[in-house]
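Read through the structures below before going on.
In what follows, chain A forms one complex with chain B and a second complex with chain C.
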Partner chain A sequence: MAETKQVIIRVKRQAGPKEPARWEDFSLKWRPSMNAIICLRDIAENPVTRDGKKTTPITYDSNCLEEICGSCAMLINGKARMACSALVDHLEQPIRLEPMSKFPLVRDLAVDRQFMFESLKRVKAWIPIDGTYDLGEGPRVSPEVQEKGYPLSNCITCGNCLEVCPQVNEHNQFVGAAIISQVRLFNMHPTGAMNKRERLEALMGPGGIQECANAQNCVHACPKGIPLTESIAEVNRDAWKQALLGWLLG
Partner chain B sequence: MTQPKIIVVGGGLAGLMATIRAAEAGVPVDLFSIVPVKRSHSVCAQGGINAAKNQKGEGDTTDKHFDDTIYGGDFLANQPLVKRMCEAAPGIIDLLDRMGVMFNRTSEGLLDYRRFGGTLYHRTAFAGATTGQQLLYALDEQVRRHEAEGKVRKFEGWTFLSTVIDEGRICRGICAMDLRTMEVKTFAADAAIFATGGIGAIFGRSTNSVVCTGSAQSALFQQGVDYANGEFIQVHPTAIPGEDKLRLMSESARGEGGRVWVPRNPAEKRRPKDVPEAERFYFLEEWYPKYGNLVPRDIATRAIHRIVYQEKLGLDGQAAVYLDVTQIPRETLKRKLEGILEIYEKFLGVDPREEPMKVFPGMHYTMGGIWVNGEDQASNVPGIYAAGECEYQYHGANRLGANSLVSCIFGGGLAGAAASKYAKNLERGAASTSSAAFDAEKKRQEKKNQKLLSQDGSENPITIWRELGDVMTEHVTVTRINKNLEAADAKLRTLQERYKKINLSDRTKWSNQTLNFARELENMLILARVITLGAVARNESRGAHYKPDFPDRDDANWLKTTRAKWVNCDIQLTYEPVDVTLIKPRARRYDAVK
Partner chain C sequence: MSSTATRPDTSYFLRKLHSFTGVLPVGAFLAEHFWSNSAALVNAAKYDEVSRDLQTIPFRPFVEWGVIFLPMLFHGVYGVYIWLRGKSNVSAYPWVGNWLYATQRHTGLIAFAYIGWHLYTERWLTHGKSTYATVESDMQNPWYLLFFVVGILASSFHLGVGIWNFLCKWGLVATAKAQQAAGRLGVVVGVVFSIVGILIVISFRLNWHPFASYYISK
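Moving on to the complex of A and B:
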C-alpha cells in the first residue's frame, strides 16, 4: 500500500502581542484541493505538533473562504496572500505561515488592521448622499466609467499592499495604496467628485500620497488585481494640480 | 428624558441599513459584529438584486415581482409585507445607485438588468459578479460616515451572547464578549435589532461564511424569542464541492446562458467538449421547457439529485453534473461573470471558460428565522427586532434568487426606523432599569465561560460539529423521510449529551477562538433540533421542504406558519395562519404555464 502523503506546516506562534514568538511544526494528512485554512482546521481538531506535543489551536481570521472578505491575509512561505485560496499543492513544503508584520499582532496569525478602516475615514471614502429617503435615480454613469470604477471597488481591505510596501513602516503613517485607490474611485463618481478637493487634501498631509516611493510592490501583491500604480499616478497628478492651483491662487 | 439608544447586532446588509436609518432618525447606535462589518457574509452574494424597474420594455411590474415571490415561495409567506417590499424595491435600487454602487450599465448609462431564476423578466440589477460585495461596501461607507460624525459606535470583534430582559419581559440591552480579551460585558439600550445572517454552519459545509452559525438566533430563542418556519432550508443547485466550503456558482451563470447537462451515456469517457450535442442530456431544458435552466432552486436541486441518484447519470458515477458556459462569448463572460468564474478557476485550478464546471447542490440559505410581526420587524419580545436572513418574513417556503439582498435592505430599513420610534416613545427607558438585571446576565454568561474553560472531558467540539453537519446534510436537506428525520433528532440529542463532556484544547484567556466556537456549538445544536422537529411535523411537500411520502402541497392542513417556542427549556411547535389575503394560493408548477 502506498504511504499516505503528508503535508508539513510550520506556524509562527505568539500567544499575545507581548509574548515571545516560537515556531511549531505540524504533519497533516494530504487530501486533494487542500488549502491553508483546511490545514489550520485540521490542527484545531487535533492540536498536536509533529513531534507529538500537545498544543493549542491556532488563532487566525477567516470568514468567506472564497477570497472576497479580506479576513485571512497572512504570510505564506514569506509572501503576503490570502490563506483561503492558497492551495497546498501549489506551495513548497514545509509551508510556513506567519502573521503580517506591518499590523499590530493579536495572537498567532491574527493581526489588527483597524488602521486601514481609520484611513478610509480620513479620506472620506464615501458618496455624500443627502439621505436615504426617495430622491429618484442616481446620476447616469457611462459604461466606460463603470468599467474603470468597478475593479477599484473590488478592494477587500486585506492589507497585502501595505504589507509589501517598504514605505509602510514604524517611521511613518503612510495610508498605503489601497486607500489612494479608493480616493480615485470616489473622485471618479459624478457625485463623489463634488468632494474631490477634500479627499485630495486629506492625502496631502503626513502619511499621504507623497510617502509613496514608487517601489510598485503593491500591484503585484493585490489578490484582486487592482491597478494600484495607475491609481497612485492618477491621484498624484490630481493632488499636484490641486496644490499648484492653490499656490497660484495664493 | 434621556437620549434613547439602539443596539444593532450584525453588520451585513440588513444591520448596516438598520444602522443608517436609526442614525438618520437621530438615535445613536452601538453596532456589534464578530467580524469587521466590511467582512460580513453579504460580500459573498454574487448574482444581483431584484427590482421591477421594467427597464427592458418587457412590461414588468412590482405586482409581477410580488406574484413571482409569493408563487416561488409556494404561498407560505405572509403577503402584505412582501407586497410592500416589492413596491419599495425600485426605490432601493435608486438609493444604492445614489450611494455610488458600480452597477453594470447600458450604453445609455442606465442600470443593466439580467434574468434570474423563477421569473421570466430581466429584473436583476448587478455589479459584475460581486453584487453583494458592492452593495455591502456602499452601506459600509455610509455607516463609516455616520461613525465619523459620532452617531455610530462600532464594536467589531465582539460577539453577542444574550439579551438583558427585565422583570417586565422587556429587552433592555445585551450581553456581549470581546473576542480578544474574552471579557464579558453588558450594554444598555432601549431597543436591539438583530441582523445576524444565515445558519450555514449547522449543516457543516455550506455556501455560507464561517461566522454564519445561527448562534445568536438560537440564544434569542432560548430567551423566549420565537423562531418561525425553521424547516425551510434552501439548497442551491449549483455549488462547487469542497472540503471546507461549498463555493457557490451563482444562478447568474445560468441567467447569462449557462446550461446544465450530463452525458446521456453514464460510461462516457470523452472530454466534455468532445461529446456531441445529440449525446448530451440537457435535463432541465427537457423537463421544464418554459423556464429551462432557470427553474427555481428547489426544483433544479431535486432534478440534479434525480439525475445522480435515480437515473445514475452523475459524471463518472459521482455526485456532480456539468454547468457549461463555454458556449457564451468570451467578452460576455468577462464583462458579466468574471468574478464567479475566477472563483472556480482559483479553487479548482480548471478554466471554466474552456471546460464545463462540475457542480452539485449545497446548503445555501434559511427561509426560516426569528419570528417577526407583519408590520415592522418586531419580534414577540418588546424591544427586540430582527432583519435580514436571520428572520423568516419574506421568502415563504423557497426564496427566489436575488430576492435576499432586497429583503435585507428593505427589512433592515424598516427595523431601523421602527426601533427608533419605539425607543423614542418608551415611557421608561433602559437607563432607568435596575442594574440587577444586567449583573445577573453578566454573571450567568461568565459562569458558562468558566465552566467550559475548567471542565475536563473527552469530547472535541470540532468533532461534534462535523457530526452535526453530516447528519443535518444527509437527512434534513433535499429529501426528507420521517424515519430518518427522527433518527437525526435522536442523533442531535446524543450530540447534546456528548457536548456536556467537551474538553477545550485551549484554556487561555486571550483571543481564544476555541472557547467562542464551543459556545456557538451549544446554540447550533438547539437550532438544529428546531429545524429537524419542524421538518418531522410538516407532513407535506412545499417549496424547499420535500417529503416523498407526502409529495403534494397540502393547503387544507399545512398552509400555516411553524412557530417554535422555548417552553420549560424545551422546543414546542405551534402554528399560525398565513396571510394570503392578496393572492389566492394556486398550484405551483414550473413544467407548465403558471
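Moving on to the complex of A and C:
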C-alpha cells in the first residue's frame, strides 16, 4: 500500500492575551479538498503534536464554512484570509496558522473583532425604518442603486481589510475600509440617505476616513471582492464636500 | 437616532490640508522652479535674467514665506507625523500600491531634507541672489551633484505618487479604471519632472546649453 500523504500544519498557540506564545507542529492525514478548518477539526479530534506530545485542541472561530459568516479570518502562511476557503492543496507546507495581529487576541487563533462592530455603530451602519407609528412605505430603490449596493452588502466583517492596512495599528484607531464601504452602502439607499450627514460626520472624527493613505491593500485582501477603493474615494468626496463646503452651500 | 456620533475633528482638517498643500502650492511651486531653472538650458545670461526677474517680484517676502516656505514646512512636518502613525507591511503584502505607500514616505523624507539643504545653500547663503556662476561652481562638487540628483528624483517621484494619491483621496477618481488612469498620469508627471530636473543639472555641470540658439539678448 502506498504511503499516505501527510499535511504539516504549524500553529501559533497562546493561552491568552498575556500568556507567552509558542508554535506547535501537527502532521495530519491528507484527504481530498481539505481546507485549513478541516485541519483544525482533525487536530481537535486527536490533539497530538507531530512529535507525539499530547496537547489541547486549538481555539479558533468558524461557522458557515462557505466564506459567508466572516468568523474564520486568520493569517495563513503570513497572509490574512479565510481559513474555510484556504485549500490545503493550494498552500505551501508547513502551513503556518497565526491569529490576526490587528485585533485583541482571545486564545490561539481566536480574536475579538469588537472594534469593527463598535465602528459600525459609530457610523450608524443601518437604515432606520421603525417609528412610534407606521411610517408607511419608503421610497423605491432604483435598479441602478440596487446594482451598486449589492456587492457592498456582501461584506462579512471578516476584518481582512483592516489586518492588511498599514494605517490600522496600535498608534492609529483607523476604522478601516469595511466601515467606510458600509457608509457608502447606507448613504446610497434612499431611506438611509436621510442620515447621510450624520454618518459622514462620524467618519471625519478621530480614526476616520482621513487616516486612509491609499495603500489600497484592502481591495486585494477582501474575500468578497468588494470595490473598497471605489467606496473610499466616493465617501471621501462626499465627506470633504460636507466638511469644507457645507457652511458655504448648506 | 441619537446625536452621540463623533464629529469632524482637527485631524480631519489637518490631513486634508496636508494633502492639498502637497499639490498646491508645493507641487505647483516645484513645477515653476523647474520651469525657471530650465533657463540654464538656454544659456547663463538667460538664467541670470530669469533669476533677477524672480528677485523683483512684488511682496517678495510674503510670497516666499506664505506660498513657498510655510506650506512646505507644514507639508513636511505633518508628513513625518503621518509616517509615524503608519506601519508599513510591504514584505507580507508586496502589492504595487503598498510599495508606493512605503516609498512615498522615504522619498518624502529625502525630498524634505534635500529641500532644506538646497534652500540653505542656494537661497540663504546667497541671500536669494543665486547666479548661473554660483550654481555652476556648486555643481562641480561631486557631493553637491549627487545630492542634487537624489533630491530631484525623490521630489519628482513624491510628486507623481502624490498626484495619484490626491486624486484618489479627494474622490476625483473613484472607479478602478479612473484610478488606473490617474496612476498613469502620476507616472508621466514623475518621469517628466525627473528628466527635466536631471537635464538642468547636466546643463550646469557640463555648461551644456542645447537651446542656446533661442537666446535673444535684452
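Note that in this section the second predicted complex is superposed on the first by the 238 of 250 C-alpha atoms of A that agree within 3 Å, B and C clash if a C-alpha of one lies under 4 Å from a C-alpha of the other, contacts with A are read in each partner's own complex, and residues count from 1 in each chain.
Just so it is clear, contacts are C-beta pairs under 8 Å (C-beta built on N, C-alpha and C of every residue); 3 or more make two chains touch, one makes a residue touch a chain.
The structure displayed is predicted, hence computed values, not measured ones.
Just chain B (first), just chain C (second), both, or neither: which does A:Thr56 touch?
A:Thr56: touches chain B, not chain C.
Going by the contact rule set out at the top, does A:Gln216 touch chain B (first), chain C (second), both, or neither?
So A:Gln216 only meets chain C here.
Where does A:Pro227 make contact in the superposed view: on chain B (first), on chain C (second), on both, or on neither?
The answer is second: A:Pro227 touches chain C but not chain B.
Looking at the overlay, what does A:Asn172 touch: chain B (first), chain C (second), both, or neither?
second
Thinking of the overlay built on chain A, is A:Pro128 touched by chain B (first), by chain C (second), by both, or by neither?
both
Of chain B and chain C, which one touches more of chain A's residues?
Residues of chain A touched, chain B against chain C: more for B.
Contact-wise, after the overlay, does A:Gly16 reach chain B, chain C, both or neither (first, second, both, neither)?
first
If you stack the two complexes on chain A, which partner ends up touching A:Val106: first (chain B), second (chain C), both, or neither?
In the superposition, A:Val106 touches chain B alone.
Where on chain A do the contacts from chain B and from chain C line up?
124, 128
Note which residues of chain A are touching chain B in the complex, please.
15-16, 31, 33-35, 37-38, 41, 44-47, 54, 56-57, 59, 61-71, 84-85, 87, 106-107, 110, 113, 117, 120-121, 124-129, 131-132, 134-138, 140-143, 146-147, 149-150, 153-154, 156-157, 186, 189, 191-192
Within the complex, which stretch of chain B touches chain A?
By the definition above, chain B touches chain A via 20-21, 24, 35-36, 38-41, 43-44, 91, 94-95, 97-100, 102-110, 127-128, 130, 133-134, 137-138, 141-142, 144-145, 147-148, 180, 209-211, 242-245, 247, 335, 343, 346-349, 413, 460, 462-463, 466, 505-506, 508, 510-514.
Give the list of chain C residues in touch with chain A in this complex.
For this pair, the touching residues of chain C are 1, 3, 5-9, 11-13, 15-16, 82, 84-89, 92-93, 95, 97-98, 100-102, 164-165, 168-176, 179.
For the complex, which residues does chain A have touching chain C?
Listed in rising order, the residues are 78-79, 122-124, 128, 164, 166-167, 169-172, 195, 198-199, 201-202, 204-206, 208, 210-217, 220-221, 227, 229-230, 232-238, 240, 243-244.
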